[in-house]
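Input: one structure, supplied below.
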Amino acid sequence: MQEFITANLPYLLGGISVGGQYALIAVGYTMVYGILRLINFAHGDIFTVAGFFMVYLNATMPVAVSLPLTILLIIALGFSVERVAYKPLRNAPRMSVMISAIGVSYLLQNLMWYVTGGLAKQYPTIPWISSSITIYTATTKMVTLVTPILTIVLVALLVQLINHTKIGMAMRAVSKDFETARLMGIKIDRVISATFIIGSALAGIGSILYFSNYTAVTPTAGAMPGLKAFVAAVFGGIGSIPGAVIGAFIIGISENIIKAVGLTTFSDAFTFALLIVVLIFKPTGLFGEAVNEKV
Amino acid sequence: MIGAAKFKKLFALLMVLTLMLPAFALGETAYAGTIKIGVYEPASGDNGAGGKQETLGVEYANFVAPSVTLSDGEYKVELVHADNQSSTDKAPSAAQTLVSADVSVVLGSYGSSVSIAAADIFDQAGLVAVGLSCTNPQVTLGNPLYYRVCYLDPFQGTVLASFALEEYGAKKAYTLAMLGEDYGVGLVNYFTEAFKAAGGEVDGETFPEGTSDFTAYLTTAFNNGAEVIFAPTSTPYAAQIITQAASNGITIPILAGDTWDNSVIVEAAKTTDVKVSVSTFFDEGDTSPKAVEFVTGFKAWLNANPDKLVNNGGNDGIAGVTPLGYDGYMVALEAIKAADSADRDDIADVMAGITYDGVTGAIVFDENGDAIRDQAFIKATENVAGTWTFVKVQGIIK
Amino acid sequence: MKALKWTGGILLIIIAVALLVSSISAQSDLEGLLKRLDAQNVVDLNPKMLADRDRVLESHLDNDRDRTLRNLDRYLERHGDLLLLEGTHALELTAFRSGPIVSSVGVLLMAIGAALLATVISGKAAVRKAALYAVGIVLLYVCVYVVEQIAGTSSMLVTVLKKGAIYALLAVSMNLLNGFTGLFSLGQAGFMLIGAYTYAMFTIPVESRGQVYQYYAGGLIQFQMPVILAIILAGLVAAFFAYLIGLPVLRLKSDYLAIATLGFAEIIRAVFQYDGLGPITNGSNLLRRFTTFNSALFPFIAVGICILLIILLINSTYGRAFKAIRDDEVAAEAMGINLPQHKSMAFVISCFFAGVGGALLAMYQTTVQASAFKASMTYEILLIVVLGGMGSVSGSVIASFLFIAASEWWLRFLDAETVIGTFEVPLLRSGFRMVVFSVIVMLVVLFYQKGIMGDRELSLDMFKRNGKEKRGGRNA
Amino acid sequence: MPDHVLELKNLTMQFGGVVAVNDLSMNIDKGEIVALIGPNGAGKTTAFNCVTGVYAPTNGQVLFGGKVIVSNHPSGKMAKMYLGADKDKFHQVAAPSPDKITRMGIARTFQNIRLFKTQTVFDNVLIATHLHRTSNLFTAVLRLNSSEEKSMREKAMHLLDIVGLADAKDEKATSLPYGKQRRLEIARALATDPTLLLLDEPAAGMNPQETDDLSEFIVELRNRFDLTIFLIEHHMALVMDISDRIYVIDFGKLIASGLPQEVRDDPEVITAYLGVDED
């Protein structure tokens, strides 16, 4: 038994840590979808841009300055993406808003290509998080432990905000019924901006954790984690924050188990297969509330 | 307010038009004419980084030799770029761009699959193409007009297997390649063949595209007791593998092919105790006069052009593919001189007989159009200073 | 008036036949023509001239018209002074060069003549309209053929036309699903991959299978299928997979359906790249050496037939059922439309044409590799559908030509560093093209929300109706 | 005595803890116009939806022409929460989807109009003829069914004539005034050749004049197409004028039934509608 643990501990740790990082991104997807019914394709790229901000800022500033500045810049980016690309399309057909999201994702990726030249950049080592420690027999980085804890704390804070603050109530109202909320005098644009700000901030934190674990930052580094996080959000029931977090952990851990078992060629394919199976039995995801048409 | 909507539409159209304003090139006219050479390389997509470094080699060669003298006067040599976005569905139109820009010869591409994808289009146009760093045999196999100045996967795979056996005396190896990338899968195939032939044991995995978490693979390698890891992947994955090997305390030596000969790998391996050794076409430490002249000249040129520096990843480390770009350009000039014309069919006739003593060694083409190469430079990362150190010149142990 | 039409029709047909006969004869006897040019057969003394002449005849034999013309020009330019190029010979040379154009004009006249006769015989409005459309279609194909002859089959314009046509079919087939039936699917790339691989796997000649399947000892499949059969098989296999995945997935609501189909496409890609299936799919390696087309007419005709079928479907009773499902599923079901059956039908048909489109794309690319069929390819097609206008076939067709031309041809100059005089244009270096392209996409989506055509169709009666439509408000 | 055209046996529909329709039993005979009335939220539309298969009822049966078409009994979680009566009276379970019920000959209109908004008036009705097509996919696409297509179009034009919308044939369905949209929905329902027509508040939002025209129109339809009509309506004038019999429900329970004048004076109905006067 002891030998089994030493062999598989790294997989489990890796799974939990990547699960946490997916969770921080997935929450962004779920919140934006809950409010706007929009799959924010650009969210994965905002995650990558956060990585590059950190690389470029840290080259000239100490970590204590570059870290918060990266979060601020990412929030500004998330906010402006919403104002430029989604606000004008407030009452456009849903498909056009989707294309606008894909357009922003294209734009961010190609801008990163153009500015960085495409070569992988080494993510700066953040003093405390990236130092390595050994748990039992597996050596890994501090970030593997920090991620799950930080994720749960942040999500708990967010759930408190959603349930017990004015802006939180406004968000819940808007996600339930967009038009009526607007009629009730809720300033829609402010609520939506707040959603993007929170979503981007969490994605920024997620990217710091993610890139200190996987330190090569390339323009398309955020594409796959973004997609996995979205799958996690849908898997957990899109629109429900706890669902997104739990979905993310399940996907993170199952992905690593697949790699341990040795079927790695299909680890990504397995994630999608898992999603399709769940959707067959629970068409709106694990925790999503079944929305039935009012006839 | 109708006015605003109208204004918004006008403003949008104006913006679109200015961005598409065609730039007109007015070159000077000191020459008898211009000969165009096509540069068919990825500038985006997975191999974009490597493609840009290879293009730098060609651009530096064009800087060193901007013209060629034929019997009827001196011709200016102009480069025409086409970005194949390192994907086979974008390759045809990029290749077509060069064919219809009536270039005389095409250089490229970094990445075997896009080169193979363009082979038929160049062949149909009677246009000679010179592969610079694409090592998959199928680039030249059955494509009469496709030549190549670097060695092939079968050679590189076997050389690395020989190195693993000689240098580390390894009995068990673990291989890692990206699912869907024929370069990596091909190299692993030849490495496994050679390694097993010498009595070694090999197992390995193919990871899906976009993977960043390699801890699972490295742990499997460690659990299987592998004495060497062979991971011929593209640059971004290389950096992930090295840093995660370091953070998980795995010190199994890592071997890879030419795609790892890049400043990103040295930077990733810096301050870690991960042993990385790479087979490549060229080594900065090579003391032959041609090599030294190239290294000093290229670094000076690179530092003089800031956006060239960005394309090289922000430092003046020379990637293995850059000198190949240089030699490829020079071979093209030799062919134009030998054919004494810029006409594609004439160049095609003389191409087979071209020889050139390049920075990466003597280039002579065999009947298949591949340069006859019987040795590869092996270099390893020096993790304290963060540079490459020359290890040895490795041939195939018979 | 009738008599005039009769004579006009017959006259046109006679002229057409004459043109056809003359151009075909002019094209056939190249060797004789070259001999007549070189009466004193100077060629025997001059080996270089002989080599050039043989090159002309050799490319003429394997009827590669582009290369024949190129070799002929070189031959004349090099040895013009030794040949008799005046008088009738000059005329014959131009006849040879313009042969195809003359014959295509002949075909056009034939079509107009036949249309005229048809309208005279039956006189019904429907027949007149059909005749008008028929002539319009023949005109389109003749134009494509003439453009190809003039610009050369391997010019950028013709290349973009070929890929544009194929993407038009892919966009229309995706529009059939997203635009007409309201089923939001992102699985297009997966079914294109199935189509492309099925076609490629079955049309590689047996003798080159050893070379293509180099790691798998020539692979399992050891026979070659004719082209048309392979394309249809490509569609059928894609349709079969669509039926299978449709069963569990079509019940899902829009966004869940999107992510489920996206997931399915990723699964297909992983399966086709898997080494275990190497003997069949060649694993991660390229499939090549399968039969391809070189003239642009082939994809245009194939795509034309498919889009015609889709238009016929959309305007049939089943098409109306699909539109009902798009507008209001509950009401459609209340009107007796069996939702699962019709949704599955729409999904299977759309994926059949995606498979056919995938096969045509394989022929255009001359090589096929699974790693190219990523989600970004589906987004590209979705972009075309939305830019063209959801629920507008002509919108998708127009948008796909514009999209391919813009992204792969017109904007290429943005990548090359260009120096105007001594002033180096600042921003232009590799990668800038894609940045500009994404900005253009954003602008078009932001300011033309309903796409170029909205949900209107480009048709002859549209111009008649335009007056009326102005009164009724542009987009109701 | 021939079977009833439509019969509801102990029909109950429970959403979570709320019982929308509670043990409703009623029947309609051939050629009758029967109205189901009751205050807002009494469960009228829910009953309609159980008959037309939109919901599977929690308990009870629906018979059409004597044959059981919908039947269910509380099961799983609902078994425990079930508040209604006759819990295990029905064992058979049949929950056909709405299109199968329409195919049997029961057509319906909707309380809040559900027209196909991007389609023209003519196409809205034409779509409903799709149900009785004989052509399969290939014959339809290759236009080998031109005779069937012609008869479908004629039928649609004929129905538009009857509802008086022939001139608005090419207008967009949603651009019609409210009353006309109601008539279009009825024409669309008729295009499925029903024997039983369910009208869900056809007179909602109409002025008195339009309501009078509508009541004549419904009777005329019943006679011309030999229909049986099951009507939900609030306009008492209309209900009293054309209904043969009336059922009244309140909070999902049947509180009165019978001829129009009997129901009008029934004290229970008055209190249900007007509430008890505080004396």
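So that you can tell them apart, the chains are marked A, B, C and D in the order they are listed, and the count of residues begins at 1 in each.
Rule of thumb we're sticking to: a contact is a pair of C-beta atoms (placed from the backbone, for glycine too) under 8 Å apart; a residue touches a chain by one contact, two chains touch by 3 or more.
Fair warning: this is a prediction, and the values are worked out from it, not measured in the lab.
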| item | value |
| --- | --- |
| Path length in the contact graph (subunit A to subunit B, fewest steps) | 1 |
| Maximum centroid distance from subunit C, chain identifier (CA atoms) | D |
| Contact pairs, highest-scoring chain pair | B-C |
| Distance from the mean Cα position of subunit D to that of subunit C, given in whole angstrom | 50 |
| Rounded Å distance between subunit B and subunit C, as computed from the means of their C-alpha atoms | 33 |
| Computed distance of Cα centres, subunit C from subunit A, in Å | 40 |
| Residue list for subunit A, restricted to those that touch at least two other chains | 110, 113, 117-118, 227, 265-266, 268-269, 295 |
| Residue numbers of subunit C (touch at least two other chains) | 270, 273-275, 330, 429, 431, 434, 439, 446 |
| Multi-chain contact residues (two or more partners), subunit D | 54, 110 |
| Complex contacts: residues of subunit C adjacent to subunit B | 55, 64, 66-67, 70-71, 74, 154-156, 159-160, 163, 208, 211, 214-215, 269-270, 273-275, 283-286, 288-289, 292, 294, 361, 364-374, 377, 404, 408-413, 415-416, 418-421, 425, 428-431, 433-434, 436, 439-440, 443, 446-447 |
| Contacting residues of subunit C [partner subunit A, same complex] | 178, 184, 248-249, 251-256, 258-260, 262-264, 266-267, 270-271, 273-275, 329-330, 375, 379, 382-383, 386-387, 390, 429, 431-432, 434-435, 437-439, 441-442, 445-446, 449-451 |
| Subunit B contact footprint on subunit A (complex, rising order) | 7, 10-11, 13-14, 18, 110, 113, 116-120, 122, 130, 132, 134, 138-141, 210, 213-216, 218, 220-221, 223-225, 227, 255-256, 259-260, 262, 264-269 |
| Footprint of subunit C on subunit A - complex, ascending | 33, 37, 39, 41, 85, 88-89, 92-96, 98-100, 102-104, 106-107, 110-111, 113-114, 117-118, 227, 230-231, 234, 238, 265-266, 268-269, 271-273, 275-276, 279-280, 283-285, 291, 293, 295 |
| Subunit A-facing residues of subunit B, complex | 43-44, 46, 48-49, 52, 179, 205-213, 215-217, 219-220, 223, 235-240, 243-244, 247-249, 262-264, 267-268, 310-314 |
